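Heads up, the next two complexes both have chain A, just with different partners, chain B and then chain C.
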Partner chain A sequence: MAIRLQRLPSASPAIALAARAIAILLALVTAGLLLAASGAQPLKLAQQVLKSTFGSGFGLEDVGLLVTPLILTGLSVAVALRIGAWNIGAEGQFYAGAFAATGVALFIPGPTIVMLPLMFVAGALGGLLWILIPTLARAYADVSELITTLLLNFVATLLVYYVATGPWLDPGGHALGTTARLKHDIPEFIGMVHWGFPIAILLAVITAAAFSFTRWGYEVRIAGSNPQAAKYAGMPFRRHLIVVMLLSGAIAGIAGMLEVAGTVHRLQGGISNNFGYLGIMVAVLARGSCIGVIAGAALMAVILNSGIILQTQGINTSTVLAITGLILFFTAVGDELAHFRIVSSKPAEA
Partner chain B sequence: MDLIAGILHTSLLAGGVLALAALGEVLAERVGVVNLGVEGLMALGAISGIAAVVTTRSPTAGFALALAVGFMVGMVFAAITVYLRANQVLCGLALTLMGTGFAATVGKAYSGIPAPATFTGVEIPYLSSIPLIGQVLFTQNVLVYLIYIILPVMLHFLMFRTRHGLNLRAVGENPAAADAAGIAVQRIRFWYVTAGAALAAGAGAYLTLAFVPSWSEGVVAGRGWIAVALVIFAGYRPLNAVLAALLFGVITSLGFVGQARNWPIAAPVLSMLPYLGTIAFIVVPVVAWHRMRQAMAAPAALGIPYYRDLR
Partner chain C sequence: MAMPGVTERPPGTPPLVQLRGIAKYFPGVVANQDVDLEVWPGEIHALLGENGAGKSTLMNVLTGIYQPDAGEIVIDGYLKSFASPVEAIAAGIGMVHQHFKLVRAFTVAENIHLGWSETPRRISAQELEARTAQLSASLNLAVRPGARIDELSTGEQQRVEILRVLARKARVLILDEPTAVLTPSEARELFKALKEFVARGNAVIFISHKLDEVLEISDRITVLRGGRKVATEPTGACSEKMLAKLMVGHEIVLDDLRARGPNAVAKANEPVVSLREVTARDSTGHVVLNKVSLDIAGGEILGIAGVAGNGQKELSELLTGMRAASSGQITLGGRDVSTADAADFSDFGVGHIPEDRLRSGLAPALSVTDNAVIREYDRAPVSLGPWYRPRAAAALARKIAEAAAVMVPNYSMPIRNLSGGNQQRFVARREMRIATKLLVAAYPSRGLDVGAINTMMRYFVELRDAGVGIVVISEELEELLNLSDRIAVMFHGEIMGIVDSAGADIEQIGLMMGGQRAAIPVRAAAMVH
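Moving on, here comes the complex of A and B:
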């Protein structure tokens, strides 16, 4: 009997899922060990997190507020991945969406019932415009969208910082570095959680359905897994690429709009909480599945919320970012290992 | 006159950070591995540099510690992407998140402390008294010469004028053929990716020990990503990469000059320049010079893990 490893071209879904769960667990254990090494008591911290997250309605509502933008930024990345594009710029599109929605709210008068849909459209358009140049550069000049979308994140962050501290600064002077409080709030859905939450879930379901049940979705999936085959079969690869990437940007823009109109109510620097980058994580955890994004976002929201709960214990958003990276790292390794299977073969009789 | 000399002086400093990181990325990408962790490695290097200089008061020790940290983290990254063959994009992003997050967490203790000792300029006798260029070129810190001349020329010679260089480029272009020719594909990939990571961390230390010089959260500010983009712009060539980095140094320092001289443009808008410039620089050449495409193209096997049994 000889035992050897055999690599399969694609991992079986069950093994992939198991590998993923083990990877996340190992990453959390590693993070815990590192925290223990730096003098913290990880088990006590974990207990505190579980108690304040799931022990009360408020904890769950906090998670609910965080999960809304994460579903959408994750969906944004996942949608682009469907056609094989890496949208690392959800962060920037989020800012652009928040910026556009705030602009509409600040400078156009109108009743809330009209303004909210208008802000929604503005947010989507803002995100869409923010990914326009990377999209065209990828579609017509084959410039890596990964780098162009990412670089625009810094531009968007600076833009929002600029308007929030300069031209759009709260004239009432109540707060430093933010715009005036927006007059239009998204109404509450359950507790503190606003209607953005069901909207985000609805968008994820609609996109998933479009990919699964329409001809367009079918063609996009083919184009994503094998562009050559798609072109050969006469599918308009470039058109699909452009539409999908613009859609991806618009979804991230909507996330920004919902955050500013539903949760924060003011445009300010740092409004995004790294939601765009965490969205990459969500999409990867969901393996690009639009429904899976909801589960991935829930996990990331709990992790992000832990960071907020543990702020008094010397843990902060940077620590959360590092832990996120650790999870991503273990996941990437787990994904690869899931491709292998152990085969035992009898050597041929001589 | 002073204005131009000042701009050029700052350009050399700002460009040096990018040049060092870009050279590291050239090493990794030439052997076929995309390292998107440059941003995180730079953050780790930046904080290591500051931490070491605060305790030892020696910038050289800071730079050396950063190189060592980059080397060790690079070995982990290389082992996982080259030998385990995990997805390079994911691992790179993970490294960026981890590096940035970890550096910011550790960095809380060092935030805002100016580096007690830095790489300061050395005036080279006689040469530094040449008008204009003397002050620009010959009053720089010693690392400038390493970054702009010694390292790129050495790497260029190694890559394009030696047998070993031919081998390493073959590994990036066609690993299967290289393997068949008896070249140790995985070993070459492993060591070049590791060396590249060390340089990226060194770039971070150069940032906090010579250019800024202090640690604050977000001090790297996307320079790692700009370096990755520069490598594409430079057609994966070390000499071009350094020139491109210098060009970027000029753009960055224009922003500084604008702020210092109160140009009627808001500071955050000026700070956007390097990022917008980078995008223009990677989009425009592709559109403008179709003919250059082949010579400047990415290594054919870039980003693809090598499996011998799938040859």
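Moving on, here comes the complex of A and C:
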């Protein structure tokens, strides 16, 4: 008899889920130990965080505001993954969407009921245009979208800094480095949480349904999983790649529009709050599932909110970044370990 | 020990390389079994065999890429075991692979000195090139030290590879199908260099399936078949006919698969598919199919024989719309389909069992159901208009799995969890559903056990008797002879001839696989009788 590890080709969903829960727990325990080592009291801090987050409607509303952009940037990354593309540029597309929506709000007069849908479309188009060049480069010249989408993030970030501190600077001069307050607000849904939140969830559900219940979704699934098989079945891989990547960019752009019109109300540098990059983590946590993105975004939002609370307790913001990193790391390890099972058997015959 | 064909050597000289009882197993496959091989100083030893005969595995064992499951490696009289190719080269065993392992952006001199313990830690480009020029002169292999690999012809690249190996003081040089990439004049130069190399007391192991060149260059020939050594003979005692027979095997058992059942549809007079002077090129513009003309009738099985890599894959892609012809005409049931794509072919009733099912016939990470409906997802009942119906898809998947006699515990698990044989039967059944006119099967029995192969063959017979035209590409001549009505032999992208399986001369087919034209004019044989 010998005990050995056997790797299964795929992990069962229950074990995978359990592995995730253990991973997140271990990450938090590790973070707690590190905090304790640096002189903080992790248990007291945890209590504080839980109380501030879930103990009041106020805390939950904060989480609701954070979760909206995270669902959409996570969805953006998850959608691109369906066709086998890594959209590292949700951050840039977020800025581009916010920029386009702000431009429409600042320079086109009209009633809010008309302007909000217009800004929504502008946001989607902004994100779409921002991913257009990486998409075409990937589709026609096989240029890695990973690099091109990433690099365009810096362009978008600096563009928004420029307009917010330069040509579009608030003429009223009430705030430094931002545009004027937009005249059109997304109405509230529950408490401070605006209608962007249900819209984000609806978009995730619609996208998930489109992938599961349409012929197009089936073709994208095959093409994304194995382009060679798509060729074999006569499916237009390139067309699907282009459509799906553009959709991914548009979703991130919508996130930017909702953020500026629903939460911040002014275009300013740093408006993305790293939502684009965090979206990558949300998509990975959700294993690329469009519905799973909602849960991943919720977890991420709680962590971000905890960071804000920890800050009030004198903990450095980098700590939160470290905790998110730990979670991703432990999750990756857990996902791999979920493939193994322990078997006791006679040694394998020679 | 009398070693005919090898020059005199003092008594007591051990062989440079001695392999004793080598065995290597992979899951479900015996790659090598009981292989003995002796290579003497001064000898060019040819290793001959069909694809899958175990030549490459044996050489990978000798060069430390694989560790043998049984047997011994004796080098110069000393028992050795190589944990890696680095240890093998240190013992004087070097290999030049079929696909060169050079850094294309580096110069010749840089490639020669890369990863070499004798390369000085600090050295200028000029010195590197000077050292290379010196090596090149002393080993009599002309290279241009300052040239980038990108700028070199294939023959020159191969010389760089050889120089790289010889610079590391290899005494045994293994060449895997070295002439496959060379022009005839480059091949001639290579042979000259090899003769000089062995004249200095070294040895060459020359892997090939080309009979004529093996007879020309080698001193002795070892033939492998099915992972075992069939014979080692001095080249002087060999002829092409005899080698072809050794390679292909003596016993070809003729089953009665060619006989039609009582209810079978007779072979049609009109071809379902016709190729006329079809030429195809790869992405770099090389001709991979050269003026192929072929007719396949409904209710017949046409076998395609040949050593892998002679255009069979391209032919199967052409017949299924996955590859466009650069010239020539393809007609399907009388309709010109030279510009149609794979979806059009499938709509027309062409099924395709691809060569590498995991790479192109399936999406391994997706579910059994997703993979089951890849041919029928665009029609009822799986789709209604733009809508895809997962339940109908699952029902179709169950139907296919039942027909294929594949037990599927869970239809949403990734299809790569199924065994290779089950995947193959699953794909075959899926394709048979749409193959109302033509089924193209590339190496359908590869990786299957005898029982699964039999099942597969019965599938083909069933389809043939229903009046479908079938093209089977295989390396197994026996299989083709048992199954097909006619056999076309491919070599270097051309059809060397088409013979009737009944009363076919195996030796002649072997010779055609090695590049000889059929005695009968090809065009006449290509017509449907």
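Following the convention adopted for this analysis, the second predicted complex is superposed on the first by the 343 of 350 C-alpha atoms of A that agree within 3 Å, B and C clash if a C-alpha of one lies under 4 Å from a C-alpha of the other, contacts with A are read in each partner's own complex, and residues count from 1 in each chain.
Keep this in mind: a contact is a pair of C-beta atoms (placed from the backbone, for glycine too) under 8 Å apart; a residue touches a chain by one contact, two chains touch by 3 or more.
Predicted model, so just to flag it, every value in this text is computed and none were measured.
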Superposed partners chain B and chain C on chain A - clash or fit: clash
Touching partner for A:86 - first (chain B), second (chain C), both, neither: first
Chain B versus chain C as contact partner of A:332, first or second or both or neither: first
First (chain B), second (chain C), both or neither touched by A:221: second
First (chain B), second (chain C), both or neither touched by A:231: second
Winner by number of chain A residues touched, once chain B and chain C are compared: B
Chain B versus chain C as contact partner of A:239, first or second or both or neither: neither
Touching partner for A:213 - first (chain B), second (chain C), both, neither: second
Chain C residues within the chain A interface of the complex: 69, 321-322, 341-346, 352, 354, 359-366, 370, 373-375, 377-378, 383, 386-390, 413-414, 416-417
Chain A-touching residues of chain B, taken from the complex the two chains share: 36, 40, 80, 84-87, 89-91, 93-102, 104-105, 108, 217, 221-222, 225-226, 228-229, 232, 266, 268-269, 271-272, 275-276, 278-279, 282-283, 286-287, 307, 309-310
List of chain A residues in touch with chain C within their complex: 9-10, 212-219, 221-222, 225-226, 228-229, 231-235, 350
Chain B-touching residues of chain A, taken from the complex the two chains share: 7, 86, 88, 133, 137, 140-144, 146-148, 150-155, 158-159, 161-162, 165-166, 277, 280-281, 284, 315-316, 318-326, 328-329, 331-333, 335-337
